[in-house]
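Should a chain be cited, it is by its letter among A, B, C, D, E and F, assigned in written order, with residues numbered from 1 in that chain.
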Amino acid sequence: MMYLNPHLMMLPILLPLLAGATMVFINERHHRLKFLINLSSTAVMLFTAIQLLMQAQSGLWPADMAVYLAANWSAPFGIALVADRLAAVMLILTATLGAATLVFSYSRWSKTGVHFHTLFQLLLMGINGAILTADLFNLFVFFEVMLAASYGLLLHGYNISRIRAGMQYIVVNLVASLFFLIGIALVYAATGTLNFADLALKIATLDNTDRFILQTGAAILAVAFLTKSAMWPLSFWLPVTYSAACAPVAAMLVLLTKIGVYVILRLWWLLFSDHSGASAGFGGSVLLCGGLLTLAFGAVGLLASQEPRRIASFSAIISSGTLLALIGYGDAALLSSALFYLISSTLAVAAFIMLTELTDRIYTPAASVLALSMEAFAVEEDPQETAGVVVPAAMAFLGLTFAACALIMAGLPPLSGFVAKFSILHGLLDSSAAHAPLWARWLILTLLLVAGLSAIIALMRFGVRTFWTLYNSVPLRLHPTEALPILAILLLGVSMVFTAGPLFSLLDRVSTDLQQTPAYIERVLQHQVISTEEVL
Amino acid sequence: MTRWLPSPLLSLALLLLWLMLNQTLEPAHLLLGAALAIAAPLLTAPLRPFKARIRRPGAVLRLFCWSFLEIIRSCFNVSRIILFSKADNLNSQFIKIPLSLQDPTGLAVLSCLINCTPGTVWVEILQDTHELSLHVFDLHDENWWIDTIKHRYESPLMTIFEQEVP
Amino acid sequence: MMQIPADIPAWLAIIVALLLICGSLITLVGTLGLLRLPHFYQRIHGPAITITFGAGCFLLASMLYFTALQERPVIHELLITAFIMLTAPVTAMLLMRTAVYRDLRNGRRIADMATDPQPVTGLSATAGAKSSGLMEEPRDRNPE
Amino acid sequence: MTLLLLLLLPFLGCVIAACMPAYARNREAWFAAFIALCGLLLTLSLYPEVSSGIVIKHELAWLPMFNLNLVLRMDGLAWLFSVLIQGICLLVVLYARYYMSPKDPVPRFFAFLLAFMGAMQGVVISGNLIQLVMFWELTSLTSFLLIGYWHHRADARRGARMAFTVTSIGGLCLLAGVLLLGYIAGSYDLDAVLASADVIRAHQAYAPALLLIALGALTKSAQFPFHFWLPHAMAAPTPVSAYLHSATMVKAGIFLLMRLWPVLAGTPEWTWIIGTAGVCTMLIGAYLAIFQHDLKGLLAYSTISHLGLITCLLGIGTPLAMVAAIFHTLNHAIFKASLFMAVGIIDHESGTRDMRKLSGLSRLMPYTATLAIVASAAMAGVPLLNGFLSKEMFFAEALLVGASTNWWMSAAAVLMGVFGVAYSMRFISVFFGARATELPKQPHEPPRWMRFPVELLVLCCLIVGVAPQLSIGVPLQTAAASVLGERLPDYNLAIWHGINTPLIMSVLAFALGILLFKVLKYRFNLLQSIHIPVLYRFNGKQAYESSMLILASSAARLERLFSTRRLQPQLFLLVLAGLFASALMLQAMPDFKHAWSVDNVNLPFAMLWLVGCTCAVCAAWQAKYHRLAALMLVGGTGIVTSLTFLWLSAPDLALTQLMVETVTTVLLLLGLRWLPSRISARKMNLVASNRDKLRRSRDLVIAIIAGSVMFVISYFVLLHPANFTISNFFLDNAVPGGGGTNVVNVLLVDFRNFDTLGEITVLSIVALTVYALLRRFRPAQESIGIPAQQANQVDPASRQTPAEQANSGYLLIPGIYLRLLLPVIGISAAYFFMRGHNLPGGGFIAGLVFAVGMIIQYMLAGTVWIESRLKLNPHRWIAVGIGLACFTGLGSLLLGYPFLTTHTAHVTVPLLGEIHLPSAFIFDLGVFAVVVGTTMLILIALAHQSVRSHRVPGAQQDNSTAASREIR
Amino acid sequence: MKLLLEISLYFSQFCVVLAMLLCMLRLLKGPTAQDRVLALDTIWMCAMLFALLLGISFASLVYFEWAMLIALTGFVSSVALAKFLMRGEIIE
Amino acid sequence: MELTIALSIGVLFSSGIWLILRPRSFQVITGLLLLSYAVNLFIFITGRLSVNKPPLIIQGEAVDPALYADPLPQALVLTAIVIGFATTALYLVVLLGSRGLTGTDHVDGKERDSEE
């Protein structure tokens, strides 16, 4: 494989920034041009992410990770960025989902307001930055970039429900960001450093007082991250927000939740691994219990959900809960399954949200009330009509894609959701060396199955009411740019089943990487700045 | 000249400002300061519709000296009143003073002097009558005020900012 | 807490100290006026001495002190004087006018205007007609 | 390879079938039949191998890390089921060709049918338990689609939902059970699992695994108490019923029990769970079948009953019972399929399936009637038909179990036989009696080829019934052997075993059955009665819907209880979570004794913060009704904060905070204009309710606790000396590496300029968002008009435009100053910018200063006048600023350094000496531009709302009311 | 002499902060909004004076810019508040 | 000074927390302002307090860290101040939009029955 430009790592951050800035100049009249810029930027991002992954896999990088010292100051003094397999996988997920939602937004949402495209690119910048950075305060900055863009996008297509949701989402996140800052300050007060690797190095040697300050800081940081990743009881903003946002934005918000999980995953494994002395495993039980509660809450909420967006919301909450519980469970062997699940569920929920925008065109509130009451009283219709009804192609497409989404979300075979769920369950049964108590294993197992069941019930209820009960008199219009991204995402979900073998071996490497704390520390802290001699 | 340096006095003041800010007389700063002092008025010209012309620098100096003393004096007056007078004995009043000064810049300087003098606050110029409405902290003699303002302040200002003295 | 050079000349110390004490006392008096005087139209005169005389003393002290300390003319404090001269009148003027028109709009009689048969402004005749009784401090509960 | 083809063929067919045109009934049918025929032939081609006892396996690697490969495995049992699946599918397809209306869009039907067949095929040839579960769930899914084929009908939807809900719950249980089984056996491979049968039965997880798997199987096979979904699944088109409820769907559960029989059976748990479920099901099913009025309903309950019988046989657990179970499965598939098809014909030709309306059909459709009667005789277990043989075997096994003590098993078997005869009588009664007159259609014989499948199946009934050993002996033995292995018992598939107890039981059952039917018919008006005796209360349909509804509503109640859609509780929880996190600090409480000394207190500083804190507390107190006062109070805290930064050696922070204070005040004032006033509760004579008071005190307590915690943490941190921090590096390198003496600025534009880049991005995003929002801003109704202050004629300015006010009105005199201030502020901004690298200042501060200078101009002369003279275009400033910052960073790439590496150019100019031009300078210029752009964009966008709203026509009319709202 | 200056500086600091405290009381009491604006404006001015005192105390010029910035832009919020009270909006 | 500033951070934090738990959007924005002060001060003090030691390097001398305040928290606070300003602006506009569209200044965009 060709030697790769070392600056490639910056591309996922710089490109969207430049593209976003460029698009500020372009008048909204040239919507198509903006779309093209946006799409090409996202495509290049995807390509870059894939390249990064291939590099990480190729073994060309020491410790299989690339370190980038922004402004040429060595870690821990300057800001370091680290691309490893996990980061690359997350970048790929981001770019993929970004491209899909972008194409989806083409026919409607990207035209409705101003600066949609700029905000979209900057959102991607924030996400990519948060994925790549290895510095706590820089993480805060990129979180703010990401959140600020998400505020803007959430309010895109200004209406009453969006503004209500925006109030909630913004305030909750602002307060969470304040906690974030307090946490950073405490971590700095205890260790005098902000770099992840340096933190991991220092944490083992801290005296008791500093350790307590650090752990308090970490706990407060966790509050911020857990709010973003929607752990119960910090997750109530999520259904409101997902229900209000326009479809492409809500789909991206699904990813944002997962970024919170990603940060927890990375930081927790780095800072509180077995190498961190007395702090090892700190807070794991909170993550575990919180995750389980979230999972249970998600399952209950899903059963209670009638509207599609709430179904999506609670599915996202369930997946957050599952991931948090698995992280807290503390078995490295489960990480690959968790990541597979993360990818699969993110894609499915995002696709489902996009789908809801299309089903909203056939799903009228009045008709749904009628369907509901007919179900409730088991009304018997005169079943004399014995001929079927022709389903138009658009409806058939929607039905099919809905079914696929539902299968993945509920973890039913044969799509990726089942593989994910199976691998988690298998891993749970198989896990022997886990720190977590035995009850946790059985509780996760049970809750996962129960959550799957409630997903089945909720999705079936929604599907039957939407696709089998009601027809719009006007033929359903389906723009190809709306259909294609959904289809593409779902095909990914399908292909994940066939490529599950290689995918799992990749993810196994990811989880191995995560456990190599000393290697990470050494790799980051030993990375040399580029000296003048080198350049000349 | 006027094209590139529409208000030389302002430019000079800005140059002075720059040098005082940087507390230096280095040639680099002189050059940079000059450039900024020329550029700033040019760039802000559209937003400054009124141009001031100052004719009698000597009168300016005299006016300021007198005002300075008046400020010190009023300052102690006001302090004394705050500390030692009963509020009931205060005769705070609005008074009106007919003005003949028309130049906005002149009026502005007048307002500055009045407002900087403790014990008096400029309210506004009544547009219909071109009278100055003034609030006096402790009024003893209204006519004294009218007289002082007209002669001590207004007429020097008119000589400075306006062509003919009435 | 303070870092005054030990070898500071006596004359300088005395002058600066005097200026500072004078300035701070005037400042205190000005704000005392702000607190104690009964009406807004009187209170607005209190801070004026703080701004002019108090600031003047401090600036002079600073100028002298640093000029002596650095053995070069330190006069950039004049800038503060200039800026204050440029900005403080605007505040006073606008605040005064605000107060007057808010009172007029609320139909409040301004006690200070009572002796003057003519209303303050050309258009405040209506306000004058309405006005009766003593000026009372309005309860400004809901200013926005 | 054949196995793979066998598996893939139906799915391939499904895709092709789905793509065919909507009304291509013939083409569809022939195509589907072709697929089924191919499948059948493929299966039959495997017979030689299978019958010789070879287990054909085909393995595909999939997830080796989980020991999970795709294994296709064909043995005798799988082969027998495969034949059933493919063969009956072929017949059903043929039948459906005639049954489905020409108006039906059949591609969907055949596609689903083929997919279902594929899934079923997958279940039986899975050599891996997980894979089996996958296909299992797929059968649930495809059957859901088939049952709901006529989805415009509520009963079809409900039937589909019920079936899917029940079977997928079972599926999840099965998954759990299979996982446990795999966990015990160490592999999901069927052979491995079968090989470790003894280990499994001895394992402590055996009981839960058995229970879970049993739940899976029993739900699928509609066993009591999960049987209720099956009758409602009859809403499907009859070919679907014929297929699903004879040979496939429900038989999947049976198949699973047979498949795992060697592993799980033979324990008391097995017998109890499986046996009890079987007995109950067969009795209840048979009993309920008697009282049905719908022909399909009767068949549905009879299916339940027969499935119960098979389950019961499996539960008995003897090898011979296993043989009987396989045999009966086969027999039941054959006669039940034919019966369903016959019913379909009746329905199709007469337009109804209601037995209360139908009678005397044998005269109208004699041929069909004969077939149906023969098939139902097989169902009743009449000798010389296949049903008889397996029923005899069942009786024998029941006797074996119930010989000594458990006589109830034999009794149950006879009772089931009695009921079976009764409902069969009931079934055939439609063919006799007077000719029905009031039928929707005039019944007649169906088309030739529609009847053909029934004929074929009935023929099979006869052949098997007459010559069992000859016809079915070998396959049956192969199948049984593949399950039982060496335990295969000797048995004799003869028609006549002599007069023995089972025969007596059969005869008894016949006699009593006929008697029962007569009694019910003539005494209890069976044919018209609506209520089912004893069990009438149980209405599966309503129960399902009600339970679903209760589930949803109780979930909704739970969800409401454990969540909220309101902001305040969320913030409360967030604060609480933060407090819990901070509670960790309490473990490390240092002793504060020495810390409380007074010499720690600087009096002016303490007084300063007395001001700051009082302002903050009062702002908190005033913010509700006195927004402006609160805003000013916050300003008081702000200035104290800024002064503190200045005092405590952070001049850059102090300057920034100061400017941000000003800009924030302006911003909030711009916003306040659009917030209508609040009337205080006291004025409205509102008294806070107790709940409100309680909440307020709760919040107060939490706030105080939070503040105290923050105090403790802060004090703790302050008293705890800092160890080594990375800051020393910055101090050491600021001048040599960063080229600036102001370390904070060097941090911002050099060491950590990446943060700054992100920060200006945040600013830009917010500005753009604000702009986008304000473009669609709709102000509150009360604030649309011009403000009361401007509407009041007392002020002469109310008659002037903003420009007039500034150029000749009351703002003329202040305007002279303010306009002079603009270049002054500009120069000052330049000053702060230039010195930033070495002294407090920099792009942020300069940008804010400059923006404030511009804002003053806007405040003075209004938007219209300013913008007619100067186009600031803040968007451009933002984009250019980001561009500058980025390109500065990219410049270093050209030199081979990482992004944003700073460089300093040292230029020697003759007159001026050496000039240092760090690239950080350009970066800072970008920061400056972004700060100016964002601040201006936000403030101007807000300011523009005034101009916009004044254009609103209705605004002027509002003046009178606006004036009346004049502020006190 | 150093002591004299230190004492006088300390006294001045005390006085100025006390002045701020008095202003704050007016800010709390009101009663009219213009009173509060005036009080806030005076607080800012006192803060400026305090910065000058800090500069003298520490014999450092670093504190000057802050005071200068207040002198230059401190009035903006007061003017904005005043205009808001007078006109109901600050940018028309 | 340590005690004073710690107490002040506590008071500001308390006031801010009280305000963000209130139902009116203006109360919340005021609370956010106060909270930002508290948090900024808190970040600032993690560099511990130092008087008259601004991190402005005196050139020509060896750098003694004891003579300078910790610059890093200052840089962090600077970023936090600016971001805080930006988010305040955004929240303000959303608040106004909510007031306009929903007709109430309640944070939920709808009045509750028994509300303050």
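Here is the rule we go by: a residue touches a chain if its C-beta (ideal position, glycine included) is under 8 Å from a C-beta of that chain, and two chains touch if they have at least 3 such contacts.
Nothing here was measured: the structure is a model prediction, and the numbers come from that model.
J.: Once the contact rule is applied, which chains count as partners of both chain C and chain F?
T.: Where chain C and chain F share a partner, that partner set is D, E.
J.: Select the chain at the greatest separation from chain C, using centres from the mean of Cα atoms.
T.: Here the answer is chain D, farthest from chain C.
J.: Going by C-alpha centres, which chain is most central here?
T.: Chain nearest the centroid of all protein C-alpha atoms: A.
J.: What chain lies farthest away from chain A once each centre is taken as the mean of the Cα atoms?
T.: Of all the other chains, the one whose centre lies farthest from chain A is B.
J.: What is the distance in Å between the mean C-alpha positions of chain B and chain C?
T.: 16
J.: For chain A versus chain B, what separation do you get between their C-alpha means, in angstrom?
T.: 63
J.: Could you give the separation in Å between the centres of chain A and chain C, each centre being the mean of its C-alpha atoms?
T.: 58
J.: Report the inter-chain centroid distance for chain C and chain E in whole angstrom, where each centroid is the mean of the CA atoms.
T.: The computed centroid separation for chain C versus chain E comes out at 10 Å.
J.: Do you know which chain F residues sit against two or more other chains?
T.: 20, 42, 46, 51-52, 54, 56, 72, 79, 83, 86-87, 90, 94-95, 97, 101, 107-108
J.: Hunt down the residues of chain B that sit against at least two other chains at once, touch-wise.
T.: 17, 21, 111-112, 122, 124, 127, in rising order.
J.: Residues touching two or more other chains, restricted to chain A: which are they?
T.: Where chain A meets two or more other chains at a single residue, that happens at 137, 141, 144, 148, 151, 155, 158, 167-168, 171, 175, 182, 186, 188-189, 194.
J.: Between the chains shown, work out who touches whom and classify the graph as line, ring, star, complete or other.
T.: Basically it's none of the tidy shapes, so other.
J.: Can you name every chain pair that touches?
T.: So, checking each combination of chains, I get A-D, A-F, B-C, B-D, C-D, C-E, D-E, D-F, E-F as the touching pairs.
J.: Under the touch definition given earlier, write down the residues of chain F that touch chain D in their complex.
T.: Residues 1-24, 26-27, 29-31, 33-34, 37-38, 40-42, 44-59, 63, 65, 68-72, 74-75, 77-79, 81-90, 92-97, 99-101, 103, 105, 107-108, 112, 114-116.
J.: Tell me, which parts of chain D touch chain E in their complex?
T.: Where chain D meets chain E, its residues are 603-604, 607-608, 610-611, 614-615, 618, 628-629, 632-633, 635-636, 639-640, 642-643, 646-647, 651, 654-655, 658-659, 661-662, 665-666, 669-670, 672-673, 786-790, 795, 797, 802, 805, 814, 821, 824-825, 828, 832, 839-841, 849, 852-853, 855-856, 858-859, 862-863, 939, 942-943, 946-947.
J.: Which residues of chain C touch chain E in their complex?
T.: Within the complex, chain C touches chain E at residues 1-6, 8-10, 13-14, 16-18, 20-21, 23-25, 27-28, 30-32, 34-35, 40, 43-44, 46-47, 50-51, 54-55, 58-59, 61-62, 65-66, 69, 74, 76-77, 79-80, 83-84, 87-88, 90-91, 94-95, 97-99, 101-102, 137-140, 143-144.
J.: What residues of chain F sit close enough to touch chain E in their complex?
T.: Contacts found on chain F: 51-52, 54, 56.
J.: Applying the document's contact rule, which stretches of chain F touch chain A when the two form their complex?
T.: It comes out as residues 20, 25, 28, 32, 35-36, 39, 42-43, 46, 72-73, 76, 79-80, 83, 86-87, 90-91, 94-95, 97-98, 101-102, 107-110.
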